[in-house]
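See below for the structure under consideration.
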Amino acid sequence: MPVLGSVRERFSRERPFRDMRIGCCLHVTAETAVLIGALLAGGAEVFLAASNPLSTNDAVARHLSDLGVATYARHGEGPTDLLANVDAVLDSRPALTVDDGCDLLARLHVDRRDRLECVLGGTEDTTTGALRLRGLVAAGALEYPVLAVSNSTVRLLADNRHGAAQSTIAAILRTTNTLVAGSTVVVAGYGNCGKAIADIARGIGATVLVTEVQPLQALAAILDGHRVVSMDEAAPKGDIFITATGNRDVLSERHFKAMRDGAVLANAGQFDLEIDLEGLESAGARPRRVRPMVDEYAIRVPGADKRLLLLAEGRVVNLAAGEGNPPDVMDLAFAVQALSCEWLARQAPELGAGVYDVPGEIDTAVARLKLGALGVSLDRLTAEQSAYLESWGR
Amino acid sequence: MPVLGSVRERFSRERPFRDMRIGCCLHVTAETAVLIGALLAGGAEVFLAASNPLSTNDAVARHLSDLGVATYARHGEGPTDLLANVDAVLDSRPALTVDDGCDLLARLHVDRRDRLECVLGGTEDTTTGALRLRGLVAAGALEYPVLAVSNSTVRLLADNRHGAAQSTIAAILRTTNTLVAGSTVVVAGYGNCGKAIADIARGIGATVLVTEVQPLQALAAILDGHRVVSMDEAAPKGDIFITATGNRDVLSERHFKAMRDGAVLANAGQFDLEIDLEGLESAGARPRRVRPMVDEYAIRVPGADKRLLLLAEGRVVNLAAGEGNPPDVMDLAFAVQALSCEWLARQAPELGAGVYDVPGEIDTAVARLKLGALGVSLDRLTAEQSAYLESWGR
Amino acid sequence: MPVLGSVRERFSRERPFRDMRIGCCLHVTAETAVLIGALLAGGAEVFLAASNPLSTNDAVARHLSDLGVATYARHGEGPTDLLANVDAVLDSRPALTVDDGCDLLARLHVDRRDRLECVLGGTEDTTTGALRLRGLVAAGALEYPVLAVSNSTVRLLADNRHGAAQSTIAAILRTTNTLVAGSTVVVAGYGNCGKAIADIARGIGATVLVTEVQPLQALAAILDGHRVVSMDEAAPKGDIFITATGNRDVLSERHFKAMRDGAVLANAGQFDLEIDLEGLESAGARPRRVRPMVDEYAIRVPGADKRLLLLAEGRVVNLAAGEGNPPDVMDLAFAVQALSCEWLARQAPELGAGVYDVPGEIDTAVARLKLGALGVSLDRLTAEQSAYLESWGR
Amino acid sequence: MPVLGSVRERFSRERPFRDMRIGCCLHVTAETAVLIGALLAGGAEVFLAASNPLSTNDAVARHLSDLGVATYARHGEGPTDLLANVDAVLDSRPALTVDDGCDLLARLHVDRRDRLECVLGGTEDTTTGALRLRGLVAAGALEYPVLAVSNSTVRLLADNRHGAAQSTIAAILRTTNTLVAGSTVVVAGYGNCGKAIADIARGIGATVLVTEVQPLQALAAILDGHRVVSMDEAAPKGDIFITATGNRDVLSERHFKAMRDGAVLANAGQFDLEIDLEGLESAGARPRRVRPMVDEYAIRVPGADKRLLLLAEGRVVNLAAGEGNPPDVMDLAFAVQALSCEWLARQAPELGAGVYDVPGEIDTAVARLKLGALGVSLDRLTAEQSAYLESWGR
């Protein structure tokens, strides 16, 4: 993780978190350990609770304890323990909170309001957590400034290319071993994620059909060289269906009945609502597991019985049937986290409560570090060029 | 122009401009005539001055006069006539102004302030005009609301794919007849325009090198599969150089001296500053025209003399050496214009002076009409899906 | 397997193998069972020995025995058993031999020449087996006609797209979880396999460098838009190296020492000679397994120590770290096998001993069945068009 | 023309044509002058007749005369002159003939058999000429060996990428200024030419439909990610139709009536038979020229009248409405010519009469020179690697 590594190196010189306590609720993994190492190098005292007992790596937890991090995490522990862990972190009176799903902040705002006064600010790593935050804001209940790091420009660039596209396609190849070249891939939703999936699918030889509900996205898909059709038109043509809409029931009973024998169903969206599982069961028999992460549904249609293959039970396929984000992507994501903490340590006192975007200077700094790690040279503006650019708009 | 055609049809039923005068300063071309036809169908009384005497088509001007449009335009007329034409339009006391380069509005704000009071609002078709407007805003001088239609979403989609990419590449093929497959194309600047050019160049078999000054754009180029280098690294490697930065002197004397014999230089940016022509002349002999729109510069470098081929004298190559936007793109652009006028006719009284983006509903409406013309079906949200989407963020 | 299914259906009507014995030495898998089902449907009496004890599926073997196929195969059996199995098949006096690696035919020509007289002809499924056959021909020792099905046009089309490209890339994604977008992929060898890998790698966002020893292939790579460099130039630039040359030591000690920290080494060629494993060990410490199928080699270079990641111990990565060919590809491959057997049953008596290409009519027939299964319509030549084509060359 | 330049340089040292007469019948253009310069440098005495009076550049003819080439060519001359020119060349008693369309050789075999005895061999530059030659061979009438240079590997590589693909698309862009992104391009025929066109069209944002009569080509198109349909299915869907089949009436009256308003028709094949012009006229009114090289046909279909746009009167669009091959491609093509002449000067005495493919060593040599001109490095086989490759097949 070279980008986070160079952040850490600077932190160890500049000590931006000297005498500051940071309370984290994160997946306790090897990558998280590198993030926490950077915070420690910056002078912080760090307290860590596990955000998910299944992802906790006990060896990592021990390693962090050895480094002096108060670590409250054990693989497989139950909800009572989890809550106690969060409380233990809050007991430390952190000045910054670092959340992955908003559990720390929510507990603080509801049950541990006694600990609110010492908090300067926080970060939230996930889109889902950011939605919870916006709910708090709408209710007038958020008490301090929070940076929503998941929609920083660097995160969107890296996550969409990998999380949305490469890892989704990789998970489909891994689970089904199907030949994509010559197949028809139906992509539901042409947001950033759907667009990247469509591009990759075409790049390995598929014909792509896009479905959309928004005219502008549909037009973008067409100008990108894809065909846009309704799902009713796509259903009998597709070999592989990938949902990336953020909405529910994008594939429903009517579509299942119209599909080809052997069609593959995968969801790239965060929640397992995009493929209507009830509709699938009502259209067919109970599923039969035919390969790891592949369930076959026998759909009964008079004269046209067929089998459909549902991947990962309709859950987000790149995480449920793949490996999640690669170290390259985590390196960028956690570098944004680390710099966001540094920025908050300095700026939070001047900010009101609210959800904030990551400042552009942080994205630019992370991109610059990544380019440095890759050995890429940028051009520099001359004085004349800078002056010319500034003269615009006058 | 099916999209504008269906706008016109609705206008003729709904008559949104009944009893309204619209003053236009536009290129007097066949496409403009279709736009004006739509305004007339909507009940407007239209007055038209030519924005550029060289683009004026006298047959079109006569045709519009026959339709009852007060048309002040003659091919090749001089600056005095042009100004008189603009004044004649302003004398008509238009309620809306439709500008292509801001000449009408500028005259109104400087010399014809007597006509300001009757104006509700206006539109501006070009990016350059929008810059002049923002200058007026900065000076506190703009007196009414103006929609900057050039950066509407539909315009950006259509113009970048065609204007920036296809037409730039087409102009290079047309002028040089060079084999792109196997060549190295250097794209300076990875904004929307540069990105589209890079994609097309790769799509026809080139290796692409991108130069950038901004780390985030550079990272985007890399994740899109291009190599990013400094122009000093690119200069000795490129076969075709395309500038798309909006800045000056992107290619300068130092680069010319390092280039290969036979390298092609083209500018896709709006102004002829991106390639440093003085540096080109100082590095070499006076140019020799070797084909239409192609000038050969003999660059003297001890032991490595070379000839460089400058296209279109460094002016924007797709317009100067090509045909500009195709009817498909004009159809979308002028549909945005027509709907912007309709929106202003209704909304302008409630807006303060200022430059406004085109409302998203207009872009959506134009996209929807285009999809209808293409026979493309969208999916529709069910009630449950709409409710689900709305439940987010609570 | 719809293509083989429709071959089987026709066989059951036409019975091309009535009263004929077919001796097979094949992987005893589910796909093979479908092939044998087609031969049975065609009236053949089938005898089957396992070509590899590790791939034998005992359930499939039992199933085939139940269908009346004399099946000599047990998972994990030793070399003595294997030989006995082959002999048992030969004892049946087959008229056709169906080989996967040439073991049946070799045994027949060396030790069981007593059984040669009843054999009409045979097929060989692998490229390696075809090489052994050509050795026999060169020695004047081959006694009957054999169709080399592995280089039929259909096989090349399907295998290269999947076996060489998609499955190689899928295996790399699966084992390393690396981000391909933005990376530099070095492809050694630009034959059919290397070309397909290069195209896919670019299709998911990589920059590709190709190395070659043949000028024509190098020129083809360049015209396809890739850069061609020597491996010495590529070594310090690549993130992922994929060998597809059919030659040995394509990556050697000199290259390992020049590579970047973290570079990934994968071999797409049939044998584990393309990456010089001895050179790898001599350049570094003994490997450490860091993930399944991934060994990390610590390379000692003064001032530039680095870790390289070798996939699948240098063996063919798509098979060793992936799942091999998907059913779609096996369907085409075994349909070619079945039609080759039918053709031999009819034509072999008129052929001399030798290795023959699969007749074009078989490839065409399989392609036509596949298109039928996909519901694809071809145009048909009119009488005038056929006459026009025939008039050429007169 | 760096490749031909380095051939010339070697010729001037080695003088392979010392005391040899070469009779040429070629387009008298600047590129031809470079080829002839190479032959002269090699010691030949050259005689040149124009193969087409319209392509003759009189300045080039004078220049060649000044160099000592007996040049019989005048722009615009009539058929009698042309024949006299050919006879004048034959009167020189050439040892080698260099043909572009087979006129020299045909005259020699029919009317000037008196000059046959001194001819060692010849080359033919075009595919059409090669077809005439094969007709002579079939009739048992060809009297000396001829190399058909048009289907050399280098020619196929360079011509298909440029001639078939880039220049066809460039000619369509130039004549119609249509937006390809988002359009549906129908490619009839998926040979080398059609495949390259389909790839380029997709590369600039089109959806591609392929029509075919051959199952194997259809399957290849599908595996490359294109959709294959019948022309009846494609006709109502396409925006741009490009024929590349080598057959007649690929687009006929039935298709014209089913097409969309505004559809563009272009032929990439050599002869103007692929689009049925009679069917076009019978379906519609007489054409109206709406732009240079674009004729609009008004097709009358009850309730669905439409206008179709025929490019270049159905003639091969990249030549008729474009610029033909670029210097890069001619450089490769004429380098093959020059080396073919050299090879014949040495080998012809040992060859029987017949049509021969260009020896692989010539293609390899030209590719190697081109790579040298590009500064591309190949790897070299080590002794161990060569030995390993040779050990195969034993």
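When the chains are written out, they are named A, B, C and D in that same order, and each has its own residue count from 1.
Basically, a residue touches a chain if its C-beta (ideal position, glycine included) is under 8 Å from a C-beta of that chain, and two chains touch if they have at least 3 such contacts.
Every value quoted in this text rests on a predicted model; they were computed, and no experiment measured them.
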{"item": "Of all other chains, the one whose Cα centre sits farthest from subunit D", "value": "A"}
{"item": "Same-interface partner of C-D, chosen from the options A-B, A-D or B-D, over half of the pairs matching", "value": "A-B"}
{"item": "Pair of chains joined by more contacts [C-beta pairs], B-C or A-C", "value": "A-C"}
{"item": "Where subunit A and subunit B are represented by their mean Cα positions, the distance between them in whole Å", "value": "37"}
{"item": "Interchain centroid distance [CA atoms averaged], subunit B/subunit C, Å", "value": "53"}
{"item": "Chain centre separation in whole Å, for subunit C relative to subunit A (CA means)", "value": "39"}
{"item": "In subunit A, residues with contacts to at least two other chains", "value": "158, 161, 181-182, 202, 205, 219, 222-223"}
{"item": "Subunit C contact footprint on subunit B (complex, rising order)", "value": "181-182, 202, 205-207, 219, 222-227"}
{"item": "Subunit D-touching residues of subunit C, taken from the complex the two chains share", "value": "131, 134-135, 138, 153-154, 157-158, 161, 211-216, 218-220, 222-223, 228-233, 246-249, 273, 363-365, 367-368, 370-371, 374, 376-382, 384-385, 388-389, 392-394"}
{"item": "Residue numbers on subunit C that touch subunit A, as the complex places them", "value": "158, 161-162, 165-167, 169-170, 173-174, 176-182, 200, 202-205, 322-323, 326-329"}
